[in-house]
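Sharing a structure, written as structure tokens. Questions coming.
Chains here go by letter, A, B and C, matching the order in which they are written, and residues are numbered from 1 within each.
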Amino acid sequence: MAQQSGGAFTRRTFIGVAGGVAASTLLAACSRAGGNGGSGGGGGAKSAKFWNMPWGSDAFLAEDKRIVAAYKPDSGLPSFTYQQIQWANFTQTFQSAVASNTNPAVSSGGGTQAFQFAAQGKIAYADDLFDSWEGDLKDDFLDGLLDTMKTDDGYAAIPYNLDVRCSWYNKTLMEEAGATPPTTWDEYLETCAKLKAKGYYGFGLGSGAGSFTGSHILTGFMINNGGGIFNDKLEPDLVTPENEEAIDFILELVHKGYSDPNSATYTSANVQSQWKAKKFAFGWDGAGLPANVGPVAPDLVVGEPLKSRSGKQGFLYFPNNIMMYKNTPSQKGSEAFLTYYYKNMKTLWTKKTGIGLPPLKSIANTPEVSGDSNNKTILDKWNPIYHTWGAPGTSGLFANVAYTVDGTQPMITFTQSILGGKVKAADALKTLQNQIEPLMKK
Amino acid sequence: MSTETANIRLAGVAGRRRRLGELGERGKWWRFLAIVFITAVVIVPVVAVFILSLTPAFGSTETGLTFANYGHIFTATNLSYWLENSLFVALVTVVVAVAVAAPAGYVLSRGRNKLISGYALILFVIQSLPVVTAVIPLFFLFVKLNLNDNLAGVMIIYIGSTMSVAIWMMAAYFDSIPITLEEAAWIDGASVFGSFTRVVLRNSLPGILSTAIFSFLLAWNDYLIAVVFLKSDVNYTLPIGLQTFFQQNATDWGNVMAVAVIMMLPPIIVFAALNRYFSVGGIGGSLAGR
Amino acid sequence: MSTESVTRSLQRARNGVGVGGGGAPVRQRRNKALNHGTTFFFFALPSLFLLLLLNLYPVIYAGFQSVHNGDLIDPGDFIGLHNYLTVLQTADFWRAARFTVIFTIVGVFGSWAIGLGIALLLRTKIPANPVFKVLLLLPWVVPTVVSATAWNWLVATPQAPLPVIAKAIGFGDVSFLGDPLAAQVLVCIFKVWISFPFMMMMLSSALAAVDTNVYEASRVDGAGTWQTFTRITLPMISRTTYVSWILMTIFCVNDFPTIYLLTGGGPVNATQSLVVMAYQTVFANQQVGPGVAIAFIMTIVLVIVSVVLYRQIRKASIE
């Protein structure tokens, strides 16, 4: 029984201790909660917010913070505070902020976010800013890039970095298989056949949980063949001969066993591990692939754009951008900040912080960027043939891109069904058309 | 019947330990093997987390296993800050959740009128509402209350989201405590409040701890709410700190896993420390103690 | 007094009623309890306040969204029950509903059976017992973002451990995430893995409260192990069992991260449950009205299931 009363004693002690903890944490809660008070609101007196995404590594965050902290506004204009927004659920973060008027004055974000917010009347167009950049920064943007930001009402945003899709190959494995880098779809089939003979996959990609890259690649092939998702009325128009031919080509790659049978469900981490494991010898991904494959990185080379069966070239890229919001402490202040930022952001690239390709020629031509042969191939050979989601109908972007194809569920389902290889091209395209049509707004 | 049980009772207290002991000795090692096997299978993914936390960071040419990720997260990130915020948020959530849920659970367990049954049912209804659609309206509400980007704000949400389950867990446990104990206290002149704190709560440690662990883990692991509500670096909790390794073109899995291992430690330590309280209390203990 | 209570608990055990449950004393207790209505009101008040604060506005807001055609920023126009009718007419909804049912049934009973089994095992004398108790809690402790990645790592590529083992023991090339059926099975197992520690914990604390004297009595009566289990153990923990079933049903139906992080609902929507569908409809497809309508339909069914199970709880305690 002694043990039992011991138990009772410790129970009592425990409750006492718990009570003490409770009291002290509550006291702490009051003081902490007061101290950290809400920093929301459209910006206090003389301070505005800049929200940026984790475009690169820790080094990116440090450098970006440094640049923003060094901004000295002219008198009467607001200073800027820096805030990094995480990718997890970022659309919710932005939409809830905009809807509750706690949005920043300036932010980056998803590539089509600005167009959606513009359609909802929340964006301050950048036309005045570009006018003030005339003969200066404005001419520094890569050719055609500004057009991607143009809407009927003005420039919805300012191009910031390029997220591209291109082909990659492992030169050692290619050599081993006796394959040469292809330049046309038919040559690509031959390359894949040679790689397959050695047990390598030639059509490496993934479309698993959280990975939209696979759907980008399939769209890229449609654009490659002169097709794409939207017509010139900016409506989805998928069931076209060009698209059908492109998807038939993908299905041919799948049926011949050139793609990994699991690729429909590969996350980007899985894709990277297949490159690392030397299973993928040729594949399609973003420009940042080598940074994620460790020891295989030195072997990876960007391929050349392929000529399709119809003799066309083309692929998909995403001009990420920075947008200004109507709800700002000072529109002049937002513009002054961005002028400063664009004139001083070069180190984000020269210090190799992991951000996508630069939007400005002056940065693209620095040895740190163009010295990398893969970057050079992308900038010289791929950049001229890139299209946005709006292809073939438009060179720009618009709100319905965000609603129908950018990160939507039907695109994933479509891609998984094609990579599964058990559907017909025309049927799959028709299904996709039927699924995204109702998602259109206005 | 009552004579029979009285006899058992007489023999019981003295004989119980010995008899259970006998049962315990037989096949002890078989059961040990079984539990070792089950545990081994169950923790394979956890071991995978640990192994992944030891793999070299991307871009690194290192091969094999390394503790570099741990070095990185301790020196190059605000880990200590995240840890502090998370502990603070989780502990306040636990304390308040238990303090609010315990009396409500008692009402559910002992009360038998329509109103109380109705409340019990409403708890299930509320718990049934999907959290995912509530985040944005809650955000609007909290902006108005000036509780966005504020640890107090997320704590209130966590406490609220634990509430239904916490009340039900407490109620289910209180059900196992015989009303006779309270009746005795009432006869001695105790109020309902007095009998609740001195008799019921005192004997409910396993129930309280289960509820506390549930609330702790809910607050400790959440990122869906935190990522929308908390924006300033100084307010980051561990799950958001974890999100900072998810970059646009890359995810630093080694670091994510290293932080995850660190994240697992406090709940494990707390649970290991409190483990013995799980087995005491309850009717068995309280009767024997009398 | 002790003797009396033992007698009563024994009786109740034989009647198939939980220890805390009724029998004659209920009336006596109820009267006493009603005398303390005010105290009860104040006991319940803080929780009521919190629940109203956090749920009233979101529910009204979501209800509003479900009968409008707006988005997260623009409220849109009133369109009546159009969203509900549209959603109910799609084949995707019913496919997701079907998977939700399977996922929930496997999740609830799988985690309950395993949780109970381990709780019973850990109740006996086993060397290093506390160590196992802690280790077995780990699946619940690991953040789902992390455990989903660990599971992915174990199954995703052909070189991953599980496919290698499956091949070695003669199952051939199993694509755990790529094959629809395999992915469904995997997601269910993942859910059971995450959930059983919760069940184990709830049932352990319920078992800890069971008066061991009752077992002695049943041994005197000559009951076998299985009889003891079905006639005494199960009835003794029946209330906790029902509560845990309801809670786990709600957890499973409402479980977004488990599925979303492991499979994203794929391949080709094979593992898409209703809540994942609702989430994707609202946030990926930005169809707020239909998405919220899905969530509401789901909630209504869930409430009906809860009510049915809740009746069982009351039966278990009032018999």
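Here is the rule we go by: a residue touches a chain if its C-beta (ideal position, glycine included) is under 8 Å from a C-beta of that chain, and two chains touch if they have at least 3 such contacts.
Per UniProt, the chains are A = Extracellular solute-binding protein; B = Carbohydrate ABC transporter permease; C = Sugar ABC transporter permease.
What you see is a predicted model; the values in this text were computed from it and never measured.
Participant: Count the C-beta pairs in contact for A-C and for A-B, then report the pair with the higher count.
Facilitator: Most C-beta pairs in contact, of the two: A-B.
Participant: Would you identify the chain whose Cα-based centre sits farthest away from the centre of subunit C?
Facilitator: Checked the centroid distances; the maximum from subunit C is A.
Participant: Report the inter-chain centroid distance for subunit B and subunit C in whole angstrom, where each centroid is the mean of the CA atoms.
Facilitator: Those two chain centres are 15 Å apart.
Participant: With centres defined as the mean C-alpha position, give me the subunit A-subunit B separation in Å.
Facilitator: 37
Participant: Subunit A: which residues touch two or more other chains?
Facilitator: Correct list: 89, 92, 95-96, 99, 269.
Participant: Using the touch definition from the top, which residues of subunit B touch two or more other chains?
Facilitator: In subunit B, the residues touching two or more other chains are 136, 140, 223-224, 253, 281.
Participant: Which residues does subunit C have that touch at least 2 chains other than itself?
Facilitator: Subunit C, residues with two or more chain partners: 72, 149, 153, 283.
Participant: How about subunit C: which of its residues touch subunit B in the complex?
Facilitator: Touch list, subunit C to subunit B: 1-10, 18-21, 25-26, 28-30, 32-34, 36, 39-40, 42-44, 46-48, 50-51, 53-55, 57-59, 61-62, 65, 72, 118, 121-122, 124-128, 130, 132-147, 149-151, 153-154, 193, 198, 201-202, 204-206, 208-213, 216-217, 219-220, 239-240, 243-244, 246-247, 250, 253-254, 256-257, 275, 278-279, 282-283, 291-292, 295, 298-299, 302-303, 306-307, 310, 314, 317-318.
Participant: Under the stated contact criterion, what part of subunit A meets subunit B in this complex?
Facilitator: 1, 4-5, 7-8, 10-12, 14-15, 18, 21-22, 25-26, 28-29, 32-33, 36-40, 53-58, 60-61, 83-89, 92-93, 95-96, 99-102, 163, 268-269, 286-288, 291-295, 297, 354-356
Participant: Hey, which residues of subunit B end up touching subunit A in the complex?
Facilitator: 56, 58-61, 63, 76-77, 88, 91-92, 95-96, 99, 135-136, 139-140, 143, 146-153, 155, 201-202, 205, 223-224, 227-228, 231-235, 240, 243-244, 246-253, 277, 280-281, 285, 288-289
Participant: In their shared complex, at which residues does subunit B touch subunit C?
Facilitator: Residue positions touching the partner: 1-2, 4-6, 8-9, 12, 15-16, 19-21, 23-25, 28-29, 31-32, 34-36, 38-39, 42-46, 48-49, 52, 100-101, 103-104, 106-107, 109-113, 116-117, 119-134, 136-138, 140-141, 156-157, 159-161, 163-165, 167-169, 171-180, 183-184, 186, 191-193, 196, 206-207, 209-210, 213-214, 217, 221, 223-224, 239, 242, 253, 256-257, 260, 263-264, 267-268, 271-272, 275-276, 278-279, 281-284, 287, 290.
Participant: Using the touch definition from the top, list the residues of subunit C that touch subunit A in their complex.
Facilitator: It is residues 71-74, 148-149, 152-153, 156-159, 173, 175, 177-178, 183, 260-269, 280-281, 283-287 of subunit C that touch subunit A.
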